[in-house]
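Here come two complexes built around chain A, the first alongside chain B, the second alongside chain C.
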Partner chain A sequence: MNAAPSERLTSRVAQSSASSDRPLDLLAVPGLRSLLLRRRWMQGPLLFISIVLVVHGFAGPQLAPKNLATLVGWVHSRGLLVVGLLVMGNAFCMACPFMLPRDLARRLHAPKLAWPRALRGKHVGIALFVGVLFVYEWLDLWASPSGTAWLLVGYFALVVLVDALFKGAPFCKSVCPIGQFNFAASALSPFEVVARDSDVCASCSGHECLRGSESSRGCETNLFLPEKAGNMDCTFCLDCARACPHENVGIVARLPGAELSEDRSAAGVGRRSARPDLALLATVFTFGALLNAFGMVSPVYVVQQQIASWMGTTSEGAVLLVLFASLLVVEPVLLLGVTAAISRRAMPRREPVVAVAARFSHGLVPLGFGVWLAHYGFHLLTGLWTFVPVTQKAVADAFGVALLGAPQWDRGGLTTRAVQPIEMGMLLLGAIGSLGVLWAIAKRQAPERPRAAFAPWGVLTVLLLAAAVWLMAQPMEMRGTFLQ
Partner chain B sequence: MLGLVLVLLLASLASAHEGPPYPVIVDEPHGPWLLTVWADPDVGRGTFWVQLEEDGSHRAPADTVVHVSVMPADGRLDPVTVLADPEAWGSGQKHVAYVDFPTREFWTAHFVLDSASTGEHAESVVNIEVTPPGYGTIDLLIYSWPFVAIGALWIHAIRKRTRMLAAERLEQEEAAAADAAASHDG
Partner chain C sequence: MTSVVPAAGNTGGVRRAGSPAGRAWRAWPVAVIALAALLSACSGGGTGDGGVAATFRFDPQPPSVGKAHFELRLVSPQGEAVAGATVAVEANMNHAGMQPTFADLSEDVPGRYVGDVEFTMGGDWFLLMNATLADGRKIERKLDVPGVRSK
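Right, the complex of A and B next:
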């Protein structure tokens, strides 16, 4: 028997806030609410920095460690992005600089078209995410200031083009590769945008959080707050909080990763089990983390040479294509397929292997996030202050006077010695989180024999952890330094 | 958060003499050369990357040869000289030299640039501190315990939540079954 809509709505909100009596709510912290609700103070400076990166990328020195586009673009921004996800939530999307020109474009040209139904999943975003990873390696973007600047320009152009033509927020929801990365990783974030009081939502007839109000637009990614579950598709833009006339929206502390093991029907997202594209995103997110880290270490060159001699080619693109296909298609298909085939034996209902693999693939996201954190954290922490001398030099070059002082080239960051334990700790924590989430999924999928269903996934997690530890122990290219 | 702040504060204190490679000479003009040197002076094997950039007034001769000599700063041992190997590197030149540093102390590094075709010659000297390389496996295991502790708490919370949700689900199913039975009886 189906519950009435109002009962269902109440149930969603109650579940969403059931983890503890009064969890920390960032929007209830004095001073922080008005700060977070005013998004422009974050977007404006980021837009300015983006413009500086583009200009310096084109006009500045084409030596990567002396150029802000490559240094800030690849070393600092990626590190800060994952740290933001770890300590709060989808902070980058909250402060997304691409939204300012997009909003301006929409004022000049109101979108009239609906985003094609066939493109509404995550497939376009996943393809672009893989494409960026590929181009990054192929064209050595970390070493190419002008290439990085072109990528930024292309990004701005794509945002404006998509969102000036199509209604809603198709770029954020379906196209943006950074956004898809953030959506996947924010499942591990400690905060979530939720409705504070279910009774208030139950008695609300305006549904401004979704439809918008006179003063603010509603959720452009179609997340009806009372039925929202988890961080998927939430950009932390807080349009819902601005629109809600009851001030019933909070950014509330929650258990990181819990949403990965659940299969509730969530507003704007649906059930995870009915979304193969989300399973694909989880898989690409996890194995892409290993692939991206592999591209940084010395053994990759040996592998590339072997592939090149085997193929009889000198084309780096062709070699990379084989490498990507091996690590991002063949390896996941084999590993997830075999693991799922063993695991499904413990399940009461023999589902197809693909369905089992899709369910459990979400459990690998914490490990994937651990790898991204370890990798990007390494670059951020070891090159933390390198932007100082490069900025000093850029300003001196631009104005002919050392307004910020002479470049302090001895500004570096934490030592490798200090960063190594953090790297390994992040990997370990990610693996532990994966084991916890996979166990919860196994309990749900095979309540009679959870250990048997979990065991193969536990083994796979340990194997992937070992691979990640090996990768991080290899000499890593000091990208963002003179040594790349 | 406190830990993160401490880590970031420490970063500003960490001088570049330990850990990852760091610049010891940056953009030092010597005749046709614009010299930059990065060093990774670990006990055991140390590495120097000698970069000769090009700009409007500097263009390194194609036949540039780089020698690197090292000796303890107190001068108690004779200098050891190695020829740096040229490597492909963007528009400028990069020469890499590997040297042995048997002890942890201050060493003097001496860089000599020569070009036979132009007869140009240049020298530059720096003092560097040689430090031990990174952690061993046991050290890393010891330092990983805080992460394991957080992980244990995390697992505990996930298991607790899983049990709670399972209990809720069971309760709802029982209530639904009771409702169905009551309506059937009615």
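Right, the complex of A and C next:
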């Protein structure tokens, strides 16, 4: 019996993947394809967990370690998110629970408006990302179950509001702060959604991956698959794979981080060099990682006291504002500005310092990802099993019977001593990745004097690595209110 | 430092309409309300402790990472020591994700209960104190321990 063309193609890709003359394609792995294409089995449970977090956040004990909202919300979900990015790709967006109420809202109210052109970049998402980092510290959200629940409710409301009003996927592409984090970090992911065979795309006239088909919508973030390059703006939703009548879409292994040094025009994204908002995202992603980790160690309290004393205030918000401005604005501007000014001397064409800084800022993303991994990995690994007794307690409280057994409060995780080498490994890998990407950018920008162009960025990377190692070597002091 | 601690709060792809997925959509609000009702059942009432006050101190003060000697005094509204209680404490970090530690306290003089509490990390902690008084009444308190020092 003759197989259908699509089956032959899948079979061929699977065979070629197996014979290692092509990179591994997850959508060609028997059984995995149908699992990944059916997204609801991931979204449904995550939506259920989100609802449990919200309800427990409001109605459960207002003690962070005893409440699922703060525990799962700040410890497990963030840790699993970065692990997913490290081992696969944008797995959180793939299973995003916010999409179910969003799709429901769109059934009730079809969006008619176009997302304003002025808001189409990453600026809104970056501002919200910084805003969440700020509010997290200011209101001690990590210690506030109801505050965390309100944040989740606000998130759901914003998703529904934006995507019920505006066509496409403006929330994912431009608004979602988690999404922007994932887009930046997924540059380091080992897999990418790609067209398997460019010849198939060349002969395709339907362009279903973008336009959609009768059975599935097309890419809502406007990534036309044959011209897609990298993971930026890709939510791994696989709408393209479902829509493609040729089964020509794969999730293919690739060199993590390579896209950061490229500057080719990509569908739906354009050239990195023409996107200052992407450079801003890379900068906030990198320096935000250091800032967020700094907030967990004891020296931050000394710094905050000094700022408060200098300002003559006991307002935590005001002090945090100064700290954020210093570490997310002043420090990057100074460091990137000076480094770019030195680096551009080696370049044949003297571009503005800002443009050079923007080009090279993408090279710091691997180090930033290493810091996020080290930080969130620490919380995940040291608190790995703590959700077990809290869940047991929540169920017992809810049903009046210990359906899951008595809470096992001795369930913890790895010791901090065991986790520290892992943290250092993540930082080192990140720094090595940054050096590699920066070297590639230097070779492209200064083909005649790449070493001279690279050297200042190499020094900056080593300095930032040293700062990160120092931060991670500090004793964690998870504290809240600090001003008296 | 000795703190008078007030009573704690509670400690304790678009589918078509009519499809199975569409029915699942409509079931969600019901599920959410049911879940809220269930989980809100856990926020129980007061302890009925008759206004027993708890004061405590550590040695060293402030405590640092490792074991710290803990001393708790229970005093009735009339200012009398509450003797003969069985007291246990559970130490937790304010930040979620850290394993709690536990300690049973022993009464060295009437109304004073002592024991060692272990702090595994620097930062803000709180103790959940559970006491069963001699007359069977139960007391629960949340005792804040801010700023445990790293070694």
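Definition applied: the second predicted complex is superposed on the first by the 455 of 484 C-alpha atoms of A that agree within 3 Å, B and C clash if a C-alpha of one lies under 4 Å from a C-alpha of the other, contacts with A are read in each partner's own complex, and residues count from 1 in each chain.
The working rule: a residue touches a chain if its C-beta (ideal position, glycine included) is under 8 Å from a C-beta of that chain, and two chains touch if they have at least 3 such contacts.
What you see is a predicted model, and the numbers here were worked out from it, not measured in a lab.
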Give one word, clash or fit, describing how chain B and chain C relate on chain A after superposing. clash
Between chain B (first) and chain C (second), which, if any, makes contact with A:G436: first, second, both or neither? first
Between chain B (first) and chain C (second), which, if any, makes contact with A:G312: first, second, both or neither? neither
Who does A:W409 touch here: chain B (first), chain C (second), both, or neither? both
Quick one: classify A:E262 as touching chain B (first), chain C (second), both or neither. first
Figure out whether A:L63 sits in contact with chain B (first) or chain C (second), or with both, or with neither. both
Looking at the overlay, what does A:M426 touch: chain B (first), chain C (second), both, or neither? first
Let me test your reading of the model: by the given contact rule, A:A418 touches which partner, first (chain B), second (chain C), both or neither? first
May I ask you to decide whether A:T382 touches chain B, chain C, both, or neither, giving the answer as first, second, both or neither? both
Name the residues of chain A shared by its contacts with chain B and its contacts with chain C. 62-63, 143, 382, 409-410, 412-413, 416, 478, 481
Listed in rising order, the residues of chain C that touch chain A in the complex are 9-14, 17, 21, 25, 28, 31-32, 35-36, 38-44, 65, 90, 92-100, 102, 121-124, 126, 128, 142, 146-147, 150-151
Residues of chain A defined as touching chain C within the complex: 39-40, 51-52, 55-56, 58-67, 70-71, 74-76, 103-104, 106-107, 140, 142-143, 216-217, 239, 242, 298, 379, 382-383, 386, 394, 397-400, 409-413, 416, 475-481
If you look only at chain B, which of its residues touch chain A in the complex? 1, 4, 7-8, 10-12, 14-16, 18-23, 26, 36, 38, 49, 51, 53, 90-92, 134-135, 139-140, 143-144, 146-148, 150-152, 154-155, 157-159, 161-162, 164-166, 168, 176, 179-180
If we count contacts the way the header does, which residues on chain A are in touch with chain B in the complex? 1, 15, 18-19, 62-63, 83, 87, 143, 255-258, 261-262, 381-382, 384-385, 407, 409-410, 412-422, 424-426, 428-429, 432-433, 435-437, 439-440, 443-444, 447, 478, 481-483
